[in-house]
Amino acid sequence: MARQMVAVIGDGVCDRATAAVAEEVGRRLAEAGVTVVCGGLGGVMEAACRGAKAAGGRTVGILPGDRASDANPYVDIPIVTGMGEARNVLVVKSADAAIAVGGRYGTLSEIALALKLGKPVVGIRSWQLATAAGPDTGVIPAETAAEAVALALAMTGT
Amino acid sequence: MARQMVAVIGDGVCDRATAAVAEEVGRRLAEAGVTVVCGGLGGVMEAACRGAKAAGGRTVGILPGDRASDANPYVDIPIVTGMGEARNVLVVKSADAAIAVGGRYGTLSEIALALKLGKPVVGIRSWQLATAAGPDTGVIPAETAAEAVALALAMTGT
Amino acid sequence: MARQMVAVIGDGVCDRATAAVAEEVGRRLAEAGVTVVCGGLGGVMEAACRGAKAAGGRTVGILPGDRASDANPYVDIPIVTGMGEARNVLVVKSADAAIAVGGRYGTLSEIALALKLGKPVVGIRSWQLATAAGPDTGVIPAETAAEAVALALAMTGT
Amino acid sequence: MARQMVAVIGDGVCDRATAAVAEEVGRRLAEAGVTVVCGGLGGVMEAACRGAKAAGGRTVGILPGDRASDANPYVDIPIVTGMGEARNVLVVKSADAAIAVGGRYGTLSEIALALKLGKPVVGIRSWQLATAAGPDTGVIPAETAAEAVALALAMTGT
């Protein structure tokens, strides 16, 4: 339980409204005693880490590049992979659930990997998926940060 | 040019109609002198490799597990990664374009990674993507194997 | 500085004397305010984490398998890679220096990778390397845990 | 059998004598019908691929960077990983045996990983290993390319 981690995934550049949502997600996770894990860079990742640190929480950034200094200033534990986009798999594998805030193709890859691994994924203004057979219901939609965190924690048994 | 590779991505288990499409994709790529790269396992991957070999082509399978013997019998070059789903990134990075035939979440992760890397992605009865802003036009739809291969080759300048 | 990490590397199974050395290494790193990063499993890794936790420190385990529960009980932050031995690279990349305690081939691979990356490596009863041209001086030998930690910290500017 | 692969490992920059040995290793492997797999860059890797192609063989280069064009001109199949040094693991996992020609720390990491995985490793003027307990006999020494290839093939049952 003390080890529980939730991934916050989203784009490395984002507008102010998106950042505010991500920051609240990070804060609420920290308040629940959950470690925030993310890709360690800017945008949604930085906002989530900032929120978590403001609430006294713990943050892990799994970085694509070769330098710990690439991490945003709110990352406590920078994991340096030098693996580029392949690090997305590690973000998802290390988490008990994922919350996507907006996001572009990198986020979509993390959503897909989390769903493949059978992990709960909650999306706030994020991807909507469909196949030839109809809409895919893998991503659980949430309207607010509070709702997203509540859903993610409920599904991981916290 | 001799080195050109196109990824054929799709599920490790598939119905007969899907396999027939994948096999024709593999055959047509081989006829165009293009190497087929895939995840090396069954279903769509095996069908694409079988088609390529029937046309005298070359096939590469980038495997998630630790054993070359996991590769389907139509893989010429098994690359053993032991990296699980993280090997999806290598399939996409090694290819000049990707053709998705059907597919589930693993395929979706490869589609997303290819789009993030700016590589052309053609989809046959595959994922349909949308964001809060509307439909995403990253995946180019094709109805047939012939159309998919023609589109992929056109976009990679062959 | 708060982010400084030192890798403790060694075998997943070890005798009592080796474990005692690793435990002291972990304790002394924690006392210096340095996070211990390791492969997250048993033997030297577990002993180092136990020592670090006894001194109130922080521990990161970068795991080869697919389950956070593979981590030894003294790991605070389990990073789940599912990448097998390729995770050794991440242990080394995430650290500012490495201390090898004994060790077999897996440890040797981490020593080699750390030296390739230009990171300081201190060895206690660990590998001795030579090429056709003579002894290789990359690994700095230490007799005790205290000496090893002092050398590693000196070389990373703490 | 048709799928058999032997890794040729060594430095990306090497002197003429070392390159001549690597080239002969590549040629002899190709003459035995074995695919050469390597890290895809220059030096020993390029010489081995050149030798293999001169004998009509097949070559695979598992690249650390993000571009197929990083491969030396004698690589038939460039595998693009973008994983940096972590790609060394894939070179070794994809091979049935490894032949080290000279080499520095990167090569040492590949030797160590191959030994950890229980794969035969033959070394020509390469690393000499010892632990506190005495010399390590994992790397089988060879004086010439002919001897190295014969040893590697004998140990993989070709």
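Per-chain residue numbering starts at 1, and chain names A, B, C and D are given in the order in which the chains are listed.
Convention: a residue touches a chain if its C-beta (ideal position, glycine included) is under 8 Å from a C-beta of that chain, and two chains touch if they have at least 3 such contacts.
Note that the structure is a prediction, hence the values are computed from the model and not measured.
Centroid distances built from C-alpha atoms place B farthest away from chain C.
Both copies, chain B and chain C, contribute mostly matching positions to the interface they share, with over half of the numbers common to the two.
Work out the mean CA point of chain A and of chain B, and you get 28 Å between them.
Rounded to a whole number, the gap between the C-alpha centres of chain B and chain C is 40 angstrom. Multi-chain contact residues of chain B, defined as those touching 2 or more other chains: 66, 81-86, 89-90. Looking at the complex, you find that chain A touches chain D at residues 66, 81-86. On chain C, the positions that touch chain A within their shared complex are 2-3, 5, 35, 58, 60, 62, 66, 68, 71, 75-83, 89-90, 93-94.
On the side of chain D, the complex with chain C involves touching residues 83-86, 88-90, 102, 104-106, 108-109, 111-113, 115-117, 125-132, 138.
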